[in-house]
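One chain, subunit A, links the two complexes that follow: it is found with subunit B in the first and with subunit C in the second.
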Partner chain A sequence: MSEVTIYIDGQEYRVPANTNLVDVAKFYADNDIPVFCYHPKMAPVGMCRMCLVKMGSVEKNRETGEVVTDENGNPKIRWFPKLQTACTQTVYDGLAIITNSEEVQVARDDIIEFILTSHPLDCPICDKGGECPLQNLTMRHGPGQSVFYYEDKMHLDKHVPLGELIYLDRERCIQCARCTRFCDELVGDDVLAFHERGRRLQIVTISDPPFDTKFSGNTTDICPVGALTTADFRFGARPWELKEVPSLDPYGPEGANISLSTRLDRDAGGRIVIKRVMPRQNEYVNEIWISDKTRFGHHHTRSDERLTKPLIRQNGQLAEASWEEAYQVITDRLRAAKSLGVIAGPNQSNEDLWELKQLASHVENHHLGVFPATMSGGDIVNTVGVGVGTNFLDLKKGDVIVVVASDLEEEAPIWYLRTKVARDRGVKLVLLNARPTKLSKYAKYNLTYAYGDAVSAINSLISAVIGAGKINDEILSRVDGYDELAKSVKKPAYTNFTEAAEAIGDAQNMIVLAGSEGLTLAQQRELMQACANLLIVTGHVGRPNNGLIPVWHGANIQGAYDLGFTAEATEAIYQESLDVVLVAGCNPVGEVVEAEALQNANFVVVTSLFETETTAIADVVLPRQSFAERDGTFTSGERRVQRFYTAQGVIGESLPDWRIFAEIHYRLGGPKPKLSAGAVMAEINKAVPSYAEMRYKKLAEMPRQFPDVGGEDLYYGGTAYQNRGGIGQQTPTVAEDPEARLSVRPVEAMTPKFDGLVVIPTTLLYDRGVLFRRSTLMHQRIPAPHIVINPEDAEAQGITDGDTVAIVVEGHRYEVQVKIDKTLPRGAVLMPRRLSNRPDPSVPTVLESIEKIVQPVPVTEG
Partner chain B sequence: MLQDEKYQEQIQRIFAKYPDKRSAVMPLLYLAQEAYGWLPEEALDEVAELCDIDPTQVKSIAGFYTMYRETPKGKYWLQVCTDLPCALRGADQFYEELKAYLEVEEGGTTEDGLFTVEHVMCLAACDRAPMLQCNFHYMENLDMDKMRAWIEERRAEAREKEQKS
Partner chain C sequence: MGIINGLLTTIKYALQSPVTIQYPEEERVVRERYKGKHVLRRYDNGLERCIGCSLCAAACPADAIWVEAAENTDDERYSPGERYAKTYEINMLRCIFCGYCEDACPTEAIVLEHEYQLSFTDRRDAIYTKDMLIVPVPEGGLPTPQKVEPGTFDRAIPDMEDPK
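So, the complex of A and B:
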């Protein structure tokens, strides 16, 4: 990056070109230019005028280009006649500003005085008080007396609900438009807007449901006053009482960095509890954004329904027992176990998984499965995953992001947001799916295939790339199997992919996000290989900002694959009747129909936070700890290994999973349990090559991040932004080793032929999963159990929008509502997972019957 | 209401003028206002759907401009100019008398829902004052006699219409 010289208050600085003056002054000169409307993540608008500075340019000799100096040897500066807004200025060579003159101070004082004419200054009852940019700047610049009449203050509505999650206090709003611009420019959900004008300007939303975006909580973070507050944290605590604990999103594959704001709480019996979840800045992962699921989905950690003691089944009933008794029962049984199936849940940490694997190795015939078993190919990710140092923010004009078989907004909202913003910067978005998703309107190329046919689509893309002569010849010297691959794609199923193929061939960088919608596990694995083929032959592997990102349905599925757990093994566990099954932190029996087979196991051990359908069939249930009560590491879909830290007190006698497994293993003759998760990781460092460098100390390293958001100055909204937990570290891929051979192989489409309607399971962000449904605040956003169907198919079945129908899939009957979607292809019936308390079909399955349920007309008493 | 057959041609004509749908928001809002008499939320929703944007954005536009009505108003929206040149020709007197005759306050609507009266800034017809704007059409060189006659005509019309239905 080229550098330029600028002068701030007479001091010379070398800074990167094309950066914003406010960001640069903060980062390089430690000079906080106050702002309200400006935010480093959004385009400047210069509305609030708070950032006025004296600005000028260094005089240069026009012939020689040399800087003209005065008699003291200092550069001569030509000052502009009036103060200028710093936020709208990009740095250039010779830019000079003065921020500490009386003129500038007076201007800032005046702006604050003016802003306060329509702000109630009700800080004592305001949630923002203590971390409020307006409060802080008022302390510094606010006038003791005002020339304006106090009676003229603008008074507007307080406590206006913008939906059930966010409250608006209209009179606190200082009209900076950060929230509307965030929704409009960044997310693309333009559901917030200004209404009226002048001093009466107010924020409104009339979308349905109100404030209809999955990122609404972020507006409360960036609000520079207390106008927007969350229903979750409203009147919950004062910011100075809160202790920030770095943590990770326990739900999604993106590895979003969060900060748990905790304090001792009387209402929770004097325990330390989470009062709110805030984003934590990690420019590589989530910048400073989190989805509402991450933000409002933490209530399971202190739910009253949490399991507090081990339970052992006696005479058919689960009864409380001590840990020692439980260990005794389990070890006795495991000693005699003929076979063992292990199913690891989506947010088992790497340490849990490692100890679980050690324990499982005690039984010779064992399977290491992962749940949900919707996707495969973690090993492929370790070969051609995104290179170390990948950052969506580095993708530039002409680069390409491919999304295949995934509804990214529902499955990985942070990647959705970053993809959408990258597209705004000029990145070309290639979308392959069987149906339009929310991302479709941003895609340069919307390539549609028939459900189940994702592999043919990728094959066709490869065929078109070859046809356009865009194969990367350089890389072919280290690729095995190219000729067979080229031969296998000679007859593409889809012939209209040429333009997209050219864009892919011409791209400097390309990231492929691969999902699993409408695919069986075997097909999905082939899709991962097909994506790898595409990436390899176009040379988009082994470098930063290139490679494959799997859209896992869980926080640490990648870690599970890295440590030897697979979805295929889970299928095997369902199919083979095994002697002993150990389910770690998930609820397969309640979520997928195949898991019913677990009932046939002779002995079932479950670690769980809550009573579930799976604990109902268990012989021993062990209370595990949630992510908030312990530490550990998750590996994101970008293979970034990141730490989360202990935030709140232990509930009951619960233990972290790794500890539970280590204790059992110890009693079976294994080594003494480690004393900390860090010690377990040290063992992983030694045993797993790709994790050799993933030492706790290294994962906690915290380089300075640009732009500097957060910290003590609070201009951007809170200390929570500040990352004190480290930005983590990516595991290297095979492709990054220039000596490593890469292999491509032909993949078969395996498209099944279905007659009639096919139920396609889909994943929604808000569901009734075991953890998320404890956040009652979010219940209004969780849809009722429903199917989505094409209007023509619906007509043929004699059903209409809003009907309640009974459908039968593989002998299971479900009562669901009907939603009509004309964009859906014919023959497909979408059935989102985990909306009811019944296990769902996990793979595309033929719909056996569909029948309208006529509600009996209630008899009115006459 | 904008889905009604009779508006389709007008809507197409409006869309034809602009490079993208979004740009047609303002004329469509006027059309909706004509259809509904004001802009209830369902009108905003309809315009939003036509323009393929969120209803919130439509509301924002309707809120910014003063000539969109966001609250129900009378069938006849009388905006009387009372700026200085008009006042010199008796417009302020006229305005007071008009309110008294209709028995409404500033900005109020008559009980029969026919008339809303408010005063506005210059409408650029000073030489023909007293004048007012009725649903964006000018009525000029007014006096109370003329006004009373016009009001009673409108009321008679309304009564007739009511009897018919």
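So, the complex of A and C:
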């Protein structure tokens, strides 16, 4: 990056060109130019005028271009006649500013006084009090006394719900428009707006349902005053009483960095509990944003329904027992086990998975499965995954992001947000899907294929790339199997992909996000290989900002693949009648119909946080600890291994999963259990080559991040928390080794032929999963069990929008509501997962029958 | 001579009225500014002055105060404004009676009064809860929570005096 010379208060600094003056002054000169409306993640608007500085340019000789110096040899500066806003200024060579003169101080004092004219100053009851930019700046610049009469202040509503999650205090609002700009410009959800003008100006929500965005909580973080507060935290604690613990999102594949704000609580028996979840800055992962699921989905950690003691089935009933008794029963049974199936849940940490694998190795005939088994190809990700150092923020104009077979907003909201923002910078978005999603309106190329046909679509794209002559010849020397691949895609199924193919060929960088919507597991694996083919032949592998990102349905599915667990094994466990099955931290029986077969196992052990449909068939149930009570590591879809830390006390006698598995293994003759998760990781470092460098100390390393957000001077980026837990480390891919051979192979579409309507399972962000449904605040956002159908198909079936119907899929009957969507292709019936209390079909299946019924759908709560 | 002087002093003091009192039968009246046990005051209408802001706890050098706040509604109103103290506890064994909490309080809710007879036989009894600290409802006032007209008590902090 080219550098320029600027002068701040007479000091000379070398800073990167084309960066914002406020960011640069803070990062390089430690000079905090105060701001309200400016936010480093958004385009400047210069509304609040708080950042006024004296600005000028170094004088240069017009003929020679040399800097003119004064008698002391210092550069001569031509000052602009009036103060300028720093936030709207991009640095250029020779820029000079003065921030400490009396003129500037007086200007700032006046702006603060002006902003305070209508502020209620109710800091004692304000949730922002103590971490409030306005409060901090008032302490620095504010007048000691008000010159206004109290009655002259504007008195507006103090308790306005903007939806059920966020409350607005109109009096406190200083009209900086950070919230409206965040929703409108960054996320792209036009849900907040200004109403009226001048002193009466107010924030209103203009969507139905109100404040309809999956990122609403972020507005409370970036609000520079206490105008926006969350319903979850309102009056929960004062900020100075909270202890921040670095942690990770337990739901999504993005690995969003969070900070758990903890405090003692009388209602929880005087124990430490999570009071709120805040984002933690990691510019590589989630910057400073988190989804509302991450923010409000933490209530399972202190639910009263948590399992507290081991349960053993005696005379058909589960009865409480001690750990020793439970270990005894399990080890006795495992010694005699003929075969063992292990199903690891989506948020088993790497340490859990490692100990689980060691334990499973005790039984010769064993399968290591992962749940949910919707996606495959972790090994492909380890070959052509995104290069180490990948950052969506580094993608530039002309680069390409391809999203295939995924509704990114629902499945990985952080990647949705970052993709959308990258597109605003000029990144071309190529979207391949069978139906339009929320991302479609931002895509430069919307390529539609028939459901199940994703592989043909990618093959057609490769064909078009070859046709356009955009194959990367350089990389072909280390690629095996190119000729067969080129031959196999000669007759593309889709012929209108040329423009997108050219964009891909011309792009310097390309990231492919591959999902699983409408695909069986085998098809999905082929899709991953097809994406790998595309990335390899266009040379988009082995470098930062290039490669494949899988849209896993869980926080640590990548880690599971890295340690030898696969979705294929899960299918095998469902199909084969196994002697013993061990289910770790998930609920397959309650979520997918195939898992009913687990009932046929002779002995079932389950580790769980709650009683579930799976614990109901278990012979032994072991209480596990949630992510908040223990430490460990997750590996994100970008293969970033990151640590989470212990935030709250243990509930009951629960233990972390790794400890449970190690104890059982020990009793079977294994090594003594390790004393900490860190010691387990040290073992992984030795045994797994790609994890050799993933040592706890290294994962906790915390380089300085630009822009500097959070920390002591909270007024800058809002209350997003400073990262003290480390930014993690990406595991290397095979493609990054320049000596490594890469292989492509032809993949077949395997598109199944269905007659009639096909039920396509989809994933929604808000569902009734075992953990998320404990957050009662979010229940209003979880839709009732429903199907989505094309209007013509609906008419043919004689059903209309809002009807309740009974559908039969694979012999299972579901009562669901009907939603009509005219953008949906004919023949497809979308059925979102985990909305009812019944297991859902996990792969596309023929709809056997559909019949209108009258009674309303029972909605299960709790 | 020396022994007589000494005796005179003794006789002088023997004839003066004593400085000690017969506690506990007799109790001494303390000074106006004496800092004894805290009380949480109410407004005339019975609403609690305390708004649960926790500033007293922040100011407390002995970490003796524990406050947990909750939200008022017009149907169940404890204090003016949106916030009230759901839990308010002072550990009297920790308290050093410095009065910083009084200084910190934005609504003059907490006041160190003249009660000084604090004794306990159990450490747990030293934790005074909100019920033990709050003053009785004044005459003409109503106990909390009160059901009030919406919009009547929407400000936590009494209107500031106009500047001179």
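To be clear about the criterion, the second predicted complex is superposed on the first by the 845 of 862 C-alpha atoms of A that agree within 3 Å, B and C clash if a C-alpha of one lies under 4 Å from a C-alpha of the other, contacts with A are read in each partner's own complex, and residues count from 1 in each chain.
One rule holds for everything that comes next: a contact is a pair of C-beta atoms (placed from the backbone, for glycine too) under 8 Å apart; a residue touches a chain by one contact, two chains touch by 3 or more.
Computed from a prediction, not measured in an experiment: that's the story for all the values here.
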Which of subunit B and subunit C A:93 touches, first, second, both or neither: neither
Contacts of A:568 with subunit B and subunit C, given as first, second, both or neither: neither
Touched partner set for A:110, first subunit B, second subunit C, both or neither: neither
Partner chain(s) touched by A:821 [first = subunit B, second = subunit C, both, neither]: neither
Partner chain in contact with A:192 - subunit B first, subunit C second, else both or neither: first
Partner chain in contact with A:238 - subunit B first, subunit C second, else both or neither: second
Touched partner set for A:596, first subunit B, second subunit C, both or neither: neither
Partner contacting more residues of subunit A (subunit B vs subunit C): C
List of subunit A residues in touch with subunit C within their complex: 120-122, 124-125, 129, 145-151, 158-159, 234-238, 240-241, 265-267
Residue numbers on subunit C that touch subunit A, as the complex places them: 51-55, 57-58, 66, 68-71, 81-83, 87, 106-107, 154-157, 159-163
Partner subunit A, residues of subunit B touching it in the complex: 41, 44, 53-57, 59-60, 63-64
Subunit B-touching residues of subunit A, taken from the complex the two chains share: 189-197, 204-208
